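Structures given as C-alpha cells follow.
In what comes next, chain A is part of two complexes: it sits with chain B in the first one and with chain C in the second one.
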Partner chain A sequence: MKTKRGKSALAALLAFGLFVAACSSGEPTDTTEAPEDTTATTEAPTETTEAPTETTEAPAAGGGIVTSYIGEPEWLQPPNTNESEGNAVLSALFRGLIDYNPETSEPEFTGVAESITSADEGLTWDIVLKDGWTFHDGTPVTAQSFVDSWNYSAYGPNAAQVSGFFSSIAGYEDLQCGTVTEPDPDTGEDVDVADCEGQPPASETMSGLAVVDDLNFTVTLAQPETFFMTRLGYTSYYPLPEAFFADPAAYNESPIGNGPFMMDGSWEHDVEIRTVANPDFAGEDPAQIDGLTFRIYEDVNTAVNDLMAGNLDIVDFVPPERVAEVEAAVPNFGETASSSINYLAFPLYDPAYQNPDVRAALSMAIDRETLVNSPIFNGTRAPAFNLQAPVIPGYQETVCDNWTYNPEQAAALWESSGGIEGPITVWFNSGAGHDAWVEAVVNMWSENLGLDVANVTFEQLDFADYLPLIDEQGMTGPFRLGWGMDYPHPQNYWQLLLYSEFVPPVGSNSTFYINPEFDAKIDEANAQADINAAIPLYQEAAAIACADTPLIPMFFGLNQYGWNDTVDGVYVDAFGNIVYTDLVTTG
Partner chain B sequence: MTSYIIRRLGQFVLVFFAATLMIYAMVFAIPGDPIRALAGDKPMPDSLRQTLTQQFHLDEPFLVQYWYYITGVIQGDLGTSFNNREVTEIISERFPRTLRLAIYAFIIEVIIGVSAGIWAGIRKDKFFDSLVKVSTVAVISVPIFVLGFMAQLIIGVRLGWLPVTAGNPPSLYGYLLPAIVLASVSLAYVARLTRSSLVENLRSDYVRTAKSKGLTQRRVIGVHTFRNSLIPVVTFLAIDLGALMGGAIVTETIFNIPGIGRAVYEAVLAQEGNVVVGIVTVLVIIYAVANLVVDVMYAVLDPRIRYD
Partner chain C sequence: MTDITSKPPTEAVLAPDVATPEVVPAGVPPKQGKPASLWSDAWKELRRKPTFVISAVIIIVMVVMAAVPTLFTSVDPRECSLLNALQPPSAEHWFGFDLQGCDYYSRTIHGARNSVAIGLVVTFFASLIAVTLGSLAGYKGGWIDSSLARLADIFFAIPLILAGIVLLNALGSKSVWTVSAVLIVFGWPTMLRLMRSSVLSVRELDYVDAARALGASDWRIITRHILPNGITPVVVYATITVGVVISAEATLSFLNVGLQLPAISWGLMISVAQNRILEAPHLLFFPGLFLSITVFSFILMGDALRDALDPKLR
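Now for the complex of A and B:
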C-alpha cells in the first residue's frame, strides 16, 4: 500500500485471479441449454419481483422490466458525470438539445431543440426549443433550464467535473476563481494556485449565454466554432430542473431528467438503479418497455455469469477474454464500432524521440492486424491506421504509410536514422490489462528493428501517478494513452489530441506536438460551416500529423454485448450506450 | 474480571488513534495525484484540479491533513469520498452485508470445522481422518478466487443449484454459496487444528487416568478433553472473524455482495484516504474486540486462567 509497486502488485494479484478464473471457465460452458434450465430453477424472473409503480400506465405490448449490467456510477448528475457508467444512466433519464443517430452518430433533432443555427459562421448560436417538454417532476424545460445548468457547471467554486466543456463559451473565465502565487510544498517553486475563498469569481453567469424567452436562448462563443452544435447532445449539456439547484446532493440520489425513463425510487448504491418509462416524454421515441433496472456489479465477470444463468437480460460490455464463452453460451451476441482508440504517444520533448524517422520506424514495425487477432485480443479490437475512430465522419482506413505495417521500410529507416541508442522505457498505466499488448509491441520492435529486448524497461504506474507525470512532460519513452469521443466530430480527435494550444492541462496534446502547419489546417477546417467542406481539410491535417508521427495509433475499441431472449432490440451505439428506447421485451 | 475488561476497553482509545494515524500515513505515502486521475484520459482544467485539491486538503502537509481528519472524526464526521458520499453512509450501507456474510461463514466454519476435526481426532488414522486430512490440504492449497469462480460457474451457472449472486434483496439462500466459499479455507484450518489438539490431549496422562477409572468414551472426550482442546481453536476462530471480514474482498466481488472489502480495495486504488481510514479503523476495532473476547473465553474454557 505504501509504494506504487505495492499497489500494482495488489491490482495484479486480483487481475491474475480474474484471468485464471476466466481461463478455467472456458470449456465447461459449451452446453447452450444450461441457461434456460437455470432460469426455471433459480431466481424468479425480474418481471414478477419488480412490480411497476402505480403511476405507470397499463403495460403496452412488449412491456415489462429489463435488467441491464452497470458498474457503480460516480455521480448521477450532468455537472459531474464524466465516466461511462453515469453517462449510461443519464442517457436514459435525459434528452439533450439534440441526439445522435445510433448507427451513423450524426446529430439529429430528436431532442429538445427545434433548431440550432448560427448566422456568423459559428460565433453566435441561436437555439430554439420545442414546446411541451417537461421534467419528470412536471416543471417545463425552458431556455433557462439549459442556461442555469451550464452556468452551474462552469462556475469554479462548484468544482463540477465537466467544467472544461464550457470553456469555449464567452465569459467562462469570469466564472473561475482568481489565483495566488504560493511556493509549492514539494518543490518550493512558486506556482499559481486557485483561491476560491480569497478571490471568488467575478460573475456567476457566463456573458455568452442570454435567454431570449422561454423557448429561445443564444450562445456567444469566445471564438467561432462551427461544430459547436455537434457537441450539444453530450451529457454535460443536459438541462437541469429547479429541484437540482435547491439541493444538488439530494438530487444526485434521485435525479430528475427530461428523458424517456425516470427514476423509480432512489439510487440504491452498489445494488441497483430502477427506472420506469416516462409517460409524459415529449420526444418521438418513448420507451417501449415498462422500466429499466440497472443492476450494479462490482465485477463485470459476475454479471457475465448472471447473464449466462439467465438472471440478467443484458450485459453491454463483455470483457475480451470472455467473448468466446458468451458467444457460445448466451443466445444473442452483438458487436458494434466504438469511438475509443488506444495509442502509443511519443514524448516529443525528449531528445531521443525528436527524429521523425525514428518514430516512423517504430510505428511501421508494429503489425496491428496480427496483434488484434493474437490470443491477447482474439479479434475483439480493430486495428487502427488512423487516429480518429471509424464512427467519426471523414474516417479513412489509412492516413499515410507511417501508420501502417511495413517491416522493410521500418528497418531501413531505423538503420538510416541511427535508431535509439541506449535503453528504451515504455510507459503504461497499470491494472488495466495493457501489459500483454505493450509487451507484444516491444517484441515486434525487436523482431523487425533488431532492437535488444534486454534494453527495454516497462514502467507501469497508477493513473494517479501516471497522468500528472504526463502533464509535466515526465515521460522518457513511448507511453500508452486512450481516447473516446465527447461528440462525433473529427475536431474532437485531431484538435484535442494534437493542436499546439491544447497541451495539458487545457487539452490532451500529451505528446506536446507543435506544428504550425498542422494548426493552420485545423483552424481552416474548424472555420468551415459545412462539415462536408471541413472533412477534406481535417484529412489533410491528419496527413501532416501522420507524416510527423507524434503518436502511433494502435487499435480501436469494439462494443461487445450479449443479451438473453427475454429482450429484443438491443443495440450499443458508438458512445458505448444501449439505445434504451429501442428495447422491447419478448413473450 | 470486570476491571480487566474496563482496562482493556480503555486501551481501545489508544488503538484507535494509533490505527487511524498509521493508516492515514500509509495512504498519504502513496505517490500521485488522485484528483488528476478523476479525469482519466481527458484533460482537467487547472482551476478544477486546484479547487478539488483544496476541498480535500490534499495540498496540506501530512499532520495538517490528519488534524482536519481527526477533528472531524471526534465530531462524528468521517469525511466524504471524492464523489461527495459520506463515509459514515458508505460504512453503514456496506458493513452489515460484510458482517452478515462473515457470520454465516463463521457458523459454517465452526459447525463443520469443529465436528469434522473431532470426528477425525477420535478416529485417528481411519478412513474419515485421512479424508479430512486430504480434503483440507486440497482446500487450503487452492486460491480462494479459483474456488469462488469455480463454485459460481459449476454450482451456480451450470447446475443451477444455488443462486449465482446474492441477489436483491439478498436472501439467506443467496448468501449460502459465498459463505461456504469464504468459510472453506478457515474451515480446513479449524478442522486440522481441532483434530491435532484433540489427538494430543487424548494422549495425555489425565485421559489415561480417566479411562482407567472406567469412564465412558463419551465422558472422557466430552468432559475431559473437548473443552481444553478448544483453546487454540477459539484463538484462531476469534482472530479469523476479523480476517473473514477483511479478507472477503474476493468473495464479495465474485458474488457481487457490495461489502466493505471491495470498497477498501477501490478506495486504496483511488487514494481516497477518508474512505480507507474509516473502514480499516472499523476493522481494527473489530479485531480488538475479538481479541478481548478470546481472552475472556480462555478463562471460561480453562479455570486455571484468571484475570485479577
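Now for the complex of A and C:
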C-alpha cells in the first residue's frame, strides 16, 4: 500500500517483478476508488487535528505561496520513490533529461538533455546535455550526475526500490547480488532471497553506461529498445548531486534537485514540505510563484474539507463520491485524462475460462457506458473499449467488437458456447470501493446472459493477499486489476500486460495469456525506430488480443481536482501530477 | 400490569407442577386434577398483554417473510437496471431503487431471510451450549463449575463485535454459516451464567432434595426438576438475544466483515447506503426501519416473557 490516493491497487501490483516496480511509481492514478474507505475505519480519526490547519497562517492570498494536498511520501529521493506522493514532490524539485507535454504526454526537450539519439535502432543511445544546469546547492549537473545516480539505483546492495527501471541497460546483472533459497518467514515457501553479503555483485557500475565528457554520455542496452528515450523523463532517471552519495539518509530529509523549486527547510513529516522557487533554474519554464507548500494529510477527505473552507489552495485528487460536493462548493474544478485503467482479467489457466467465446460473451454483456454514467461513478470515469489509455499514442476508441457492448451477440455466444456451469467467483481487492461496480457487472451478466446471481460469490481480499494469489494462479474467476503508465508508450500497456514472457513473477501478465502471434506482433512493433511506424503494429497486436479477450477493459480514470481562486493555471497531467511551473497566484 | 394477588400462588405452584409424583407441596394444593403449569399460566397472562401480541405478530410476519418472501413481493430482487439507480420511492415502487437499480422493496423483503436465519440459528445453538454447560456447572459444582465459569468469563471478557471482526477477517470466507458460527462462539457466556445461577438456586429447593432422597438419578433430577424450573431466565434472555444477534449481524455486515455481496441482507444494504445518505436517504431508511422493528420486537417479546415467567422481576 504505497500510495495514498487510491492508487494502492496499482502500486501493489507493481511491486512485483521488475516492470512492476517501474509502474508503481509512474502510475499515479486511481484503481481504488474510495480511499477514505480504508483510512476511515482505521486511522482517519487521528487526522483531523493535523498540522494543516495550524499552518494556515501563510495561505496563498497574495503571499505567492501556493498550498497543495499531498499524502505522506514514503521517500524523497529518486532511487527509492516509486509511489505517487513522493513522485509529486520530486517532480517539483527535479527536471529530468526530457519532459512530457502536459496535454499530449509526448517527450519534449525542455529538460536537461540537448539531444538523445540512437544510430543503431535503439541499442546504443547518445545523450548530450545542455550546459549551465546546476543543482540547488550550486554544483553543476553533469553526465556523471546521471551515470552515478543510475548506477546507485541499479546496485543490488543499495536495495533501491526502482532498480528494475535499469534492467534493460547492459551490465545490469553484474550489479545484482547472488540469491539464496530460503523459506519465507510468513508463508514458509521457498523463495529466492538476495544474498549481498555472501555473494556481492561483480561490479559497481553498469558496463552499458559510459561518460564521454561532462555533457555527454552513452547508454548501451542489453537489447534494442526503440522507446528507451520515452522513459527518461521519469523520476527514477533523475540526476543526483554529490551530496546525495555522501549521506543518502540526510539527503532524504532535504533533497537537492535541479528543478524549478527547491526545498525550504527540511521535510516535516506528517505536516508539510515547503519549497521555494529556484532562482537559478536553467529551464525555460521557471516557477511563477514564490513557493509551493505540500500540506501532508492522512485522509484526503480532510484536505477536501480544508479546500472547501479556503484553507488550502489545491487538491489534485478529489475522491469520486465528493466530486459533486467539491464542484458545488469550490470555485474551480478541473478534469483531465489520466493513464489509469481498470479491467477484469480472466484466469486463463482455469478450464472454465478457456473458451474465448465464453470470455467474449461476458465482455459484450457489460454496458460500460451506462455503468460510468450511473450514480456509481456519476461520470467520474470514462468507459474503456481499449486497454491502453487515451493519453497514450496510438489510442483507438474501439479495438474490436469483443470489447464493446452487444447484448444480443453476448447472449448468442453464451448460448452456443454453453456458458459457465456452476458457481462463478469474482475477485477484487477489498476496501477500495470496487464492490459497487463489480456488483453492477454481475447484474448485467444476469440480465443479458441469464446467469443466476445466486450462483455468484465475491472474493474480497486485502491487496497484500490479493496480488500474491494472482501470481500463484489462485484466481478461480474474473478478477479486477488496475494499471497506469510508467512512460507514455503503447508498449507499456500491451507488452507488460499480455506478453507471454511477462507472466508473473517476472511481469504483470496476470491472465497468463500466451499467444505467439501476439508476441510476434509486439516484437515487430518494438523493433520499429519510428513510433509512427510502430503504432499500426501495436494496434494489430491489440486486435489479436481483443479477439482472444483475455481480459475485459472496464473504464479509464480521470484526474479530478479543485482549486480556490487564490491560484490559477492549475492543470494535472496524465501522470497525475500538477504542472507546477504553470501555477500563478492571483492574490 | 397483572394483578398482584396472583403473585404468591404462582410462586408456590412453581415446584409442584413438574414434581407432582414425589412432592407434596407446602403451599396451596392444586385446584384441579391437572394443575396449571408455569407455562400455561404464563400463556394465559401473555395472551392478554398487548406488547406481547404486537411483538408476536411482527415476529411471525418477519419469520414468514424470511421463509417465503414471494408472499410479499413478486419482483425479483436480482432484476436490476442501472438506469433506475437511486430513484426515490414512488407509487409503483414503494421503496424506490438502490444504487444498482434494483427494486428496493423487494430487496428489503428478501433481506429478512439472512437476518432472521442468523438470529434464530445463533440463539438456538448458543442457548443449547449455555443450558447444557450451565446446568452441569450449577448442579455439579466443584471443579466443573469453576472451570466452566472461568471459561465463560474468558469469552465474556471479549467484546462480541471486536471478536467478530478479528475472527471473520482471519477466516476469509464469510457466509451465513461462518458469521453464525462466530456469533455462537461468543454468544453463549451470558446465558451460561444465567443458567448456572438459576440452577444453583433451584437445586437447593426442597423438592430437589426430596427427589434425591427418593433415589432419582442426576439425569432425572436435572431434566425433570431443575431444567424446567431454572430455564426461564435463559428463555427470556434468549428471546432478547435474537434481536441482539440480528443487530450484531447487521453491524458486522456494515463493517464489511459479515455477509458479503452479492448476498442480500439489511446490514449490507445499510452499509452501501452510508456513503450516499444525503443523495438517497431512502436507502438507509427502509432497511434501517425493518432492522429496528425486528430487533425491537424480539426485545419487547423478551420483556413480556420475563414479566409472565418471572413475576419476581416485575
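Quick note on the criterion: the second predicted complex is superposed on the first by the 511 of 587 C-alpha atoms of A that agree within 3 Å, B and C clash if a C-alpha of one lies under 4 Å from a C-alpha of the other, contacts with A are read in each partner's own complex, and residues count from 1 in each chain.
What we mean here is this: contacts are C-beta pairs under 8 Å (C-beta built on N, C-alpha and C of every residue); 3 or more make two chains touch, one makes a residue touch a chain.
Just so you know, these numbers come straight off a predicted model, no measurement behind them.
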TODO: Determine, under the contact definition given at the top, whether A:Asp285 touches first (chain B), second (chain C), both, or neither.
DONE: neither
TODO: Applying the touch criterion given at the start, work out whether A:Pro375 contacts chain B, chain C, both or neither, answering first, second, both or neither.
DONE: second
TODO: Could you say whether A:Ala454 touches chain B, chain C, both of them, or neither, answering first, second, both or neither?
DONE: second
- [ ] State whether A:Pro468 touches chain B only (first), chain C only (second), both chains, or neither.
- [x] first
TODO: Determine, under the contact definition given at the top, whether A:Asn82 touches first (chain B), second (chain C), both, or neither.
DONE: first
Open item on the list: Of the two partners chain B and chain C, which one touches more residues belonging to chain A?
Closed with: B
Open item on the list: Which partner chains sit in contact with A:Cys177 here, chain B, chain C, both or neither? Use first/second/both/neither.
Closed with: first
Open item on the list: After the superposition on A, what does A:Glu524 contact: first (chain B), second (chain C), both or neither?
Closed with: neither
Open item on the list: From the superposed pair, tell me which chain A residues show up as contacts to chain B and also as contacts to chain C.
Closed with: 34, 41, 431, 461
Task: chain A - residues contacting chain C, complex - done: 34, 41, 321, 367, 370-371, 374-376, 430-431, 435-436, 438-440, 442-444, 446-447, 453-454, 456-458, 460-461
- [ ] Quick one: which bits of chain A touch chain B in the complex? Just the residue numbers, please.
- [x] 1-4, 7, 10-11, 14, 17-18, 20-21, 24-25, 28-29, 31, 34-35, 37-38, 41-43, 72, 74-75, 80, 82-83, 156-157, 159-161, 163-164, 167, 176-177, 185, 193-194, 196, 249, 252, 268-272, 295-299, 301-303, 305-306, 308-309, 311, 431, 461-468, 471, 481-484, 486, 496, 502, 504-508
- [ ] In the complex, go through chain B and note every residue touching chain A.
- [x] 26-27, 29-34, 36-52, 54-55, 59-61, 82-85, 90, 93-94, 143, 145-146, 148-150, 152-154, 156-165, 167-168, 249-250, 252-256, 258, 262, 265, 268-271
- [ ] Write out the stretch or stretches of chain C touching chain A in their complex.
- [x] 78-83, 85-86, 99-102, 172, 255-256, 260-262, 272, 275-276, 279-280
